[in-house]
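Next up, some structures in structure tokens.
Below, chain A partners chain B and then partners chain C, in two separate complexes.
On to the complex of A and B.
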């Protein structure tokens, strides 16, 4: 490390309280950028993962359960609603519909009757294009009667069986992690669903079922023909089934509330970062100006000993660099620690399914935060460095204001 | 002065960890089924008592290297508290339960502050 760096470090160590105060500004900037980026990017990636995993262009659900459906898909909240399967048969025949598969959602209870409160998804292997390809990718067979697959985050007390409504069912596999709500679901066919609905535990909880699981549908997942406009097809479906208790939504449409939240959050964070950036630059520039003015005699002595103007400016810039580096690093680390320690309440209060804390994402983000802190700190010290470099020796020694 | 700050801070955080989960930031209420978070909160009583005793020892010790050793022990005890509530015992599966929303985040925060305090006690310039 050169003489400039060593002098700068000694200056900063000597005035530790002042240094800490300046580092604090850089810390706040870095921590704020880190937190805001993780929160907004996590929400966006969760939405993207869910949309990609869904694989459907249009979703048909009962109109009054549109919000519940979006919460279930995005946040993994439990839902249980259904409509008559006759509408599925009608819709699948409409023009523009390439593939159409029904799904039935049932929710278990957080009680002794069940291993856990879980979302049960019943799919039709003959028409399904969401779960079946997933199983085929992993070389897994379709579940038979009494069998089911569990999502990556389901942990029943017994690894090979899971209890719903007082009856045990065989777990034949665990699906890979998708970072979507599917990780907290179990997947089965209608035969198994019928077993569950026919059990005494189900009757005790919900009463005797009026219809068979084979005749009920919670949602229709639709893929449109290649080159078709999903919005137009959704409109056509709604027109064709006018008066029906169900409505067709595009994938973006059903997540419109979430999309608006993401855009709002993005907007708020941009404004916050802009305001914070200005405040930190002004604050650091002010502190640098004040402290450099207090140290004019010190710079005068250095100058009289032969230290050139460039080196004098270099000392000031080096101090700015160290403050930016230290503040940026501590801000990124502190923000990461805070997000990890308080991840659960943050996720619940902001309705974010998961926080992206992979190293591939966090390391470049930390680098960006540190880079911004360094840039802001250097920018703030620029004026003071320039003034020190341009001042006359007699002015410095007299302690004149720069 | 810094020795007093570290020791009093340790005593205060220890008392908070012992008493807090029983009073101020309670986990899920105990019903017919006793949840895991209840036992996590109970285990923190022991952690808190150890920390209070450790804090008293830090206050009374005269030797700087003894203080550093006690601060190192403090880090281990605070980390044990973190391990107990997050890994070894844990809490409820539902993220919206009181233990996950209130008790454990506060305990995690207090433990993190405690660890930083002990680190401050280790790196301080002290009398030999």
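On to the complex of A and C.
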């Protein structure tokens, strides 16, 4: 560290209360940017991951269940609703529909009968374009009767079996982490679902099932033909099939509530950061201006002994740099610690399925926060540095206001 | 070594212009100690500011080793003060955030002095000469007025300037401290030293005495 840096550090150290106040401003800026970025980016990436993983253009769900469906897909909340499979056959015949696959959702219970309260997703290997390619990607076979795959975040007491409604089922593999709600689901075919629904435990919990799992559908995932308009096809499903107790949504449409939340959170963040930026610049610039006016004689003494104007300005800028660096670093570290400590209440309160805390994401973000704090602190000290550099030496020695 | 010709500086106060320094001609040679006496406000500090290039004259010239200081740019005048001319400010002029030794070395290090160790060795040796070596690590607030003044003088001499300009170096000091400082000044045979004061104890044998009043200077002669 050069002599200018050491001088700046010594000055800051000797005026510790003033320094702490200035560092606090930079800390606030950095911590706010860090927190807001993690929250909005986590929400955006969760939404992006979910829509990417779905790979469907249209989702058809029973009427008035679109909220539950969106919460299940985005937040991993348990859901259990269904409609008759005959409607799936009708919809799959519509013009513009390229692929159409049904999924059935069943929820287990947080009781002794089950290993955990888990979302069970039943897929159809014949038509599926969501789970099957995933299994193929990982070189895994399709699950047979009584077999299932578990999501990356499911941890049954025994690694190769999981209990639902009093019966144990074979776990034949754990899927790679996707950072979506699928990580907390189990996947099976209709044969296994039928076994579960036929068990005594199921009957005790829900009564005897009236329909077979093969005849029930919770949602239809649709891919439209290339060049077709997903919105138009969704409209066709909604208005041209008479008596259908279902409603079709484009993927973005079903997440419109989440999208609105992301957009409003992004908007609030920008406003907050803008206001904070102005406040911090004004506050730091005021403190710097007051401080250099208290230090005119000090600068005069140095100048009378041959310290050039550039170096005097350099001392002020170096103090700004140190304050920005320190505040920025502490802000990023403090915000990270806060997010780690309070991640669960934050996720619940803001309905964010997960917070992105990977180093690949956090390190560049911390760098940006520190960079912003340094830039703001330097900007705030710039006027004072300029004033010190251009002041008359006799004026400085007399302690005249800069 | 230092020569002024018709040196004049005007100031305006409450709309009235007055001459703080009025056509001053002065010459100081190496090894000479010049003592300038005069009442407060007679222009002593302004004259010294002009000689050390802190301010620019309205008329006249200042020469240092034949070089016209008053024609130099601000940066070159700063460089001259850095290397050859040391200015000891009136009153308390130590930096309160720094220790005595840091106060002595820091301005010169900031000015581009490369060898910190050498500077510190010189500083410590001068502090010993001023009987202050044990105070090197103390902060100015922990020193007496005389000790602070002596530390400022060490700072002015540590980098080996040719000309030292001291504005009221003994004001408010007791006899002992005044004696220590003046003894040191008198021993500097390789430098020219200018002292402004209204302390008549500065008029020691061998010093050139000038008196100043209302901006004008009058040579009183060499003290026997």
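The working rule: the second predicted complex is superposed on the first by the 400 of 402 C-alpha atoms of A that agree within 3 Å, B and C clash if a C-alpha of one lies under 4 Å from a C-alpha of the other, contacts with A are read in each partner's own complex, and residues count from 1 in each chain.
The working rule: contacts are C-beta pairs under 8 Å (C-beta built on N, C-alpha and C of every residue); 3 or more make two chains touch, one makes a residue touch a chain.
Note that this is a predicted model, so its numbers are computed, not measured.
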Would you check which partner chain A:344 touches, where first means chain B only, second means chain C only, and both and neither mean what they say?
first
With the two structures laid over each other on chain A, which partner does A:48 touch: chain B (first), chain C (second), both, or neither?
neither
Go through the superposed model and pick first if A:311 touches only chain B, second if only chain C, both, or neither.
second
Dominant toucher of chain A (residue count), chain B or chain C:
C
As the complex stands, chain A meets chain C at residues 3-4, 7, 10-11, 13-15, 297-298, 300-309, 311, 315, 392-394, 397
Within their complex, chain A touches chain B through residues 110, 112, 116-117, 337, 341-342, 344-345, 347-348
Touching chain A in the complex: which residues of chain B?
33, 93-96, 100-102, 104-105, 108-109, 112
Residue set of chain C touching chain A in the complex reads 49, 52, 54-55, 74-75, 78-83, 86-87, 89, 93-98, 102, 106-111, 155-156
